[in-house]
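Down below is the structure, laid out as structure tokens.
Going by the order they are written in, the chains are A, B, C, D, E, F, G and H; count residues from 1 in each one.
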Amino acid sequence: MAVTSHRTADLGFARLDLDRATRTGTPEVVYAAGKTPAQTVACLAALLDGGNPLAWATRIDAPTAAAVLERWPDAVIDTDARCAFIGTVPAPVGQVVVLTAGTSDGPVAAEVAATLTASGVACRRVDDVGVAGVHRVLAVAPDLAEADAVVVVAGMDGALPSVVAGLTDRLIVAVPTSVGYGAAFEGLAALLTMLTACAPGVLVVNIDNGFGAGVAAARIVRSAQR
Amino acid sequence: MAVTSHRTADLGFARLDLDRATRTGTPEVVYAAGKTPAQTVACLAALLDGGNPLAWATRIDAPTAAAVLERWPDAVIDTDARCAFIGTVPAPVGQVVVLTAGTSDGPVAAEVAATLTASGVACRRVDDVGVAGVHRVLAVAPDLAEADAVVVVAGMDGALPSVVAGLTDRLIVAVPTSVGYGAAFEGLAALLTMLTACAPGVLVVNIDNGFGAGVAAARIVRSAQR
Amino acid sequence: MAVTSHRTADLGFARLDLDRATRTGTPEVVYAAGKTPAQTVACLAALLDGGNPLAWATRIDAPTAAAVLERWPDAVIDTDARCAFIGTVPAPVGQVVVLTAGTSDGPVAAEVAATLTASGVACRRVDDVGVAGVHRVLAVAPDLAEADAVVVVAGMDGALPSVVAGLTDRLIVAVPTSVGYGAAFEGLAALLTMLTACAPGVLVVNIDNGFGAGVAAARIVRSAQR
Amino acid sequence: MAVTSHRTADLGFARLDLDRATRTGTPEVVYAAGKTPAQTVACLAALLDGGNPLAWATRIDAPTAAAVLERWPDAVIDTDARCAFIGTVPAPVGQVVVLTAGTSDGPVAAEVAATLTASGVACRRVDDVGVAGVHRVLAVAPDLAEADAVVVVAGMDGALPSVVAGLTDRLIVAVPTSVGYGAAFEGLAALLTMLTACAPGVLVVNIDNGFGAGVAAARIVRSAQR
Amino acid sequence: MAVTSHRTADLGFARLDLDRATRTGTPEVVYAAGKTPAQTVACLAALLDGGNPLAWATRIDAPTAAAVLERWPDAVIDTDARCAFIGTVPAPVGQVVVLTAGTSDGPVAAEVAATLTASGVACRRVDDVGVAGVHRVLAVAPDLAEADAVVVVAGMDGALPSVVAGLTDRLIVAVPTSVGYGAAFEGLAALLTMLTACAPGVLVVNIDNGFGAGVAAARIVRSAQR
Amino acid sequence: MAVTSHRTADLGFARLDLDRATRTGTPEVVYAAGKTPAQTVACLAALLDGGNPLAWATRIDAPTAAAVLERWPDAVIDTDARCAFIGTVPAPVGQVVVLTAGTSDGPVAAEVAATLTASGVACRRVDDVGVAGVHRVLAVAPDLAEADAVVVVAGMDGALPSVVAGLTDRLIVAVPTSVGYGAAFEGLAALLTMLTACAPGVLVVNIDNGFGAGVAAARIVRSAQR
Amino acid sequence: MAVTSHRTADLGFARLDLDRATRTGTPEVVYAAGKTPAQTVACLAALLDGGNPLAWATRIDAPTAAAVLERWPDAVIDTDARCAFIGTVPAPVGQVVVLTAGTSDGPVAAEVAATLTASGVACRRVDDVGVAGVHRVLAVAPDLAEADAVVVVAGMDGALPSVVAGLTDRLIVAVPTSVGYGAAFEGLAALLTMLTACAPGVLVVNIDNGFGAGVAAARIVRSAQR
Amino acid sequence: MAVTSHRTADLGFARLDLDRATRTGTPEVVYAAGKTPAQTVACLAALLDGGNPLAWATRIDAPTAAAVLERWPDAVIDTDARCAFIGTVPAPVGQVVVLTAGTSDGPVAAEVAATLTASGVACRRVDDVGVAGVHRVLAVAPDLAEADAVVVVAGMDGALPSVVAGLTDRLIVAVPTSVGYGAAFEGLAALLTMLTACAPGVLVVNIDNGFGAGVAAARIVRSAQR
């Protein structure tokens, strides 16, 4: 792999990194929060023009989704994951299991799954297996043995990754969510729990960062495919 | 029970509440941290003089232990729990199970156990059953069914109470400890985890507060005995 | 009690723990925040189908209440407590006293009371007895002597549990609320006050967590009934 | 009173405000923490040379006390309060009541009392009247009616000022202390409690700031004397 | 003064302290945030019925103001201060100077002034004298010499009380406000600044707590009037 | 330069510092957040009347912009920067380079640029050169060598100033922004990163404080012009 | 792989998980902080007795190292990493690159390296390549292309992982360290930076948690070897 | 100036940036905290060998000072500033005024001054001019008019920069210090105050970071000299 491609597309308000897929395996993905629909569309167009087979935005709202569909009628809008995709999705390889602790963690898990799909990685979701009914977790163990990596999405006490990491030799990517209230402090409680997990083998991303978890899990799968 | 006894012993630097046992079931207990050995001894003496059959100090250091033993050679010093007891321990009733997540949580569990003993409650400790090996927790379930209440002591991720609360209908008294480093933030991570436990039936005391957990569990036992 | 029932109902987005009442004394209760009305209704239906005599949701909003009533016209909606109940409420046993420090703490106390009622525990509320008029607290002492447990709900300085715990030998379940502004920090001040209460016998739940306090108090009552 | 005197003494490392007593009623007082014994002695000497009848240092350690006594053998060292005084203490006027919640709050209350004495204000201390035994607080009410102002010193839950403020029409100066552990967070819990006191009439100083509380209370007394 | 009056009015949702004015000099004042307009009106009515010559609510919104005016057409609504007054305002005595650092601190200063007026204390406001133009502060010094106490209201850096306290021998009541953004952290920066003021004689209330500052300043004035 | 001009315009709710430009090089600028449109207009008028050739407001919203344009039809409204300008902009001197890490940082950079322009300093913006594509940063190095100072605007990880400071001998003014989510904590993460930058030569302003960064950079340019 | 082995060794104070290596790929490792030397030795002995070919302790101090060597004279003590190893180290496979931002991050990197070695993974360290001299980072790019995973260890601003993640398609395991002072807040600044890294593909462990980073990186290598 | 020199000296534990002075105007300076004396000496030697005329370490302790003097008997040790210098100090140009709020801020100011001297910039210190005696600040105004930049060092309330920035058109580099206790939170209070200074023109460095302030001020002077 050569780390030498650094073409950029300068849109004035944005300077897109056209060769990021070549360098890092994942193209620059448009973070739509804080951008106007027109800015997001312009970024997506530039990424496609720059040679990316699939352009992709996260954290889109309804007006942005509409603007994307107006420009690219065959775009795929994943409303659960709040993502838009234009172009060709790669064929899936490998296997990542995505667990959620509760139903309210679903949108973040959807972002994980959408990211894996767009990255060409197969994904299997198992929802609502929080530790308050720990036998639900134990029932998942056979699925873990099939996975290249496991992503665990949990809010409130964020205790699920600690339990899962003791059941498998696969890497756990832990995603704290902002689900909860009071001392959950918008996901801080779950974040600290995961960082201090008593079982090793747990790595953590930012609160609600399904995209980052998906990219990381895809890197592990690609590492295993090499 | 009459809530009408309010005798105090005024030592100048302290004003001891002699009838607290009558009102609340637990006598005023001397918190030795921040007191000189002589002050702790004087408080213990006043509590005995005031008619308490058992006087008792927590958070004692070595000089205080020595001062207590010099004054009362038959005092009981529990070095694990950092407690001193002078007088008659009541016969035990009921049953409280005390679980720890890890070996380093031992001193706090010892304070719980000492408090229960001094309160006349039987106590059974099961140590080192953290969720990284969740089958250790499951193995404890039969013990829980025998208990009037369960005290769970855990540092780091503090995840153990969430799992235990899903396995039993007994009240869980959760004690976060300052065990850990970095994002454990001296017990804050475990505290937040326990406050946001996804399983209901978990009540929380201050970080490292084995005494408070023991008093609370004893109140539950006494409630069951009434 | 056998800890061996682990039937679940898999709704795709949720995996309901049908035997939680058997294991823990309280059924899985639907936390409606972060769920759509349709999801909440589906969860309630599955819990009823799974054999629970009473299905129950907390933190409902108006659209969810409407959806529940459309499906079950005889459902009980407690608007103060933001709870919905479908099915048969058990006959009440025992007695829990619920105190509030101020009028604004009312909705949280309502959630405590609704939880107790649904758990088959009798409840007596005494409102607005904050410590700024401490004789209001003293006047409550006779009520406390009748209770199996006491729940104290307070925002702002959260000082009420410390005073109450010195007046009774009953366990105090303290509920900090997000009432207040500025240095109340959304309930953090009251939470810290309660965790550091100078009187032992105080156990704490999450900010605004009336449901958790109610479940815990019901466990104490059941412990006393055994 | 003219606000026009601004003489300073420049010691190189310090620039002493010689007319602060004239402007503000309290002379510049030497904060010895972070200064060498020699620096503290030099500051005290300059303040005396500048015409202050009483020079005064707070937060002194043992070497500084020794250095002061070597220079001024008739200096008064208050070891409880960690203060040194050289010169003439004014005759006391007025009356301030100083309450502590617990014995461990004693050193901070000693700093309050020493500051009042040096400011020419009479002081009456009543120790260890924490809210866990609220009748100890009620017993103090008659003393409050004699006071120009009340200083309340409390660590841990910091609940005492809320109760006292509901019993009197005198201004309450609340001093949080760093007494406690865990969620006391070195005095933060008590500080937040006092700032959010449900009773008005409570004003707050920094954690452990007995000096500031004493100066403030003296200003109130002088205001009443004018 | 006798501390023996403890009549309460029990409205079910509220238990009003009818003799608080007798005991503490200030009647129970209705904190309207978190209450419905009807609840606020009912509280005000009960306080008037209980014999208070002036009933009073803070933190009112527009619907509450309307409900008050409908019930008592001659009520006084202070929209800047967000307060409502029904009854007879006492004749003013004494003098309190209220300073603001900036224009945006005005609403909090208005609450201070309204509280003083309702408490029968004369008030003089001087606005927008922040330390960025320190000569504006110096120009205020003569006003300070006329005051019984000084209230300083400031957001952002909260530096004004430190400067003012060095210019006068009057007590400074410092009110941090939530004015500012970013590292102002909703008033936390100003709060910490005021608590650590390098000049003694500064006492602090909660963020945006103009009511508390006003009550405290009124107590100082009454102390001076005795 | 004489520091002797201290004329103020007293509008009742505001006391404008008319000679601030003479003393500090920048006139008092109206911070419109927390002011009504009418108050902002009145302040701007007073500053113009007081002799400032250019009056200027930041953090304006749409109603304020409309009110300004109604009063001064030839006012310049910079909607990106949320600023309004009335009067004569000085001719530009010097050169400041303004970098942003991402597109979402644009509005803050616009406030920097508007401030520089109004201060008579030339400004060159280079956007979206975040460190995830570090060659974009390296490509900027020649621009830095032309600058009197460099302003770096970045949210999320706030890592850009550390890299830039290692590439140039110009002073770096770092502006953390509130761009991001979760552990970005409204800009706190970026703020801490910049304060602990491993490269010296980085100075930091408040989160989103484009105005402060612009004023500071202008002071550096003027220092170089002297 | 079967997830069915759950033998434990009960030492009273500890309950060792003998089959953790079988289940998770890494044996239970003794966390020596908070344990006595005798407890650590007993744990190591039990793990060896339980069939682990290599027993291993982290966070050892000098007395523990001495106790280990006394019991097992051929134990390997890694003083930089503060680890002890008894038994057979597996032959290395794969390749992990470990980068540090500064010299002071060395001890944490040593713990990473020791963990990798004990896990049978080859490791290559490149030290002191902080972003203040970004060309040092660029020079490392060829090494990254050889790696199965990259561990980046950094304190202070923690900016290095953001830059590295933009240069490679390998997974980045980011380890914040407690190196720094002031606003570094014992590693909090670096932790937040890494969690909010603008480049995806960064996963984070607890502050100073070299062990956890090593275990995670070993899992990735094993995943690639399967 | 060419930004193209990137020679490094690889000591194994350190990789020194030999051309940092050429690129950034300040050589790599050895941060001795967290390094052994031998490591610091080796770094200094490598920097001298690499062609730097002056090598320099900050945050040295006594053993490091001794080790430096043993290797270079003519090294200059500044014990106030905790710095060591070996080689030729450049002739001073320009002028920076360094103010401290209090005597305890002296060591940080000494680090500023030492950094300026080593950077070839003239420095004038004026100590102990805190805002509690604001006329001391006003007396400094003429000095400010002579400066290229002003460094203000303050702990506790950190209010001094806000006042100074309103008196001068020079850039203010504000250094919060960890002087204070309680709510000073190790310098956090002063840091927040300075970041939210109501006067623009204030830029902030890390708590106690005298070195960073000195480097920044030197960059401003050099900018003025170009």
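Quick note on the criterion: contacts are C-beta pairs under 8 Å (C-beta built on N, C-alpha and C of every residue); 3 or more make two chains touch, one makes a residue touch a chain.
Small disclaimer: the values here were computed from a predicted structure and weren't measured.
Common neighbours of subunit B and subunit E under the contact definition above: C, D. Farthest chain from subunit G, judged by C-alpha centroids: E.
Within the list E-F, D-E or A-B, D-H finds its counterpart interface, over half of the contact pairs alike by residue number, in E-F.
Put simply, the C-alpha centre of subunit F and that of subunit G have 44 angstrom between them.
The mean-CA centres of subunit B and subunit D are about 36 angstrom from one another, to the nearest whole unit.
Look at where the CA atoms of subunit A average out and do the same for subunit E: the two points lie 50 Å apart.
In subunit G, the positions touching at least two other chains are 17, 20, 102, 132-133, 165-167, 182-184, 191, 195-196, 199, 206-207. Here, these are the chain pairs in contact: A-B, A-C, A-F, A-G, B-C, B-D, B-G, C-D, C-E, D-E, D-H, E-F, E-H, F-G, F-H, G-H.
Those residues of subunit D whose C-beta lies close enough to touch subunit C in the complex are 101-102, 130-134, 137-138, 156-159, 162-163, 165-167, 180, 182-185, 188-199. Those residues of subunit D lying in contact with subunit E across their complex are 1, 3, 17, 20, 23-26, 29, 141-142, 144-145, 148-149, 165-171, 173, 191, 195-196, 199-207, 211-212, 215-216, 219-220, 222-224, 226. Subunit F makes touch with subunit A in their complex at residues 102-104, 106, 127-129, 132-133, 135-136, 179, 181-184. By the touch criterion given at the top, residues 6, 8, 12-17, 20, 28, 31, 33-35, 39, 43, 176, 178, 186-187, 191, 206-209 of subunit F touch subunit E in their complex.
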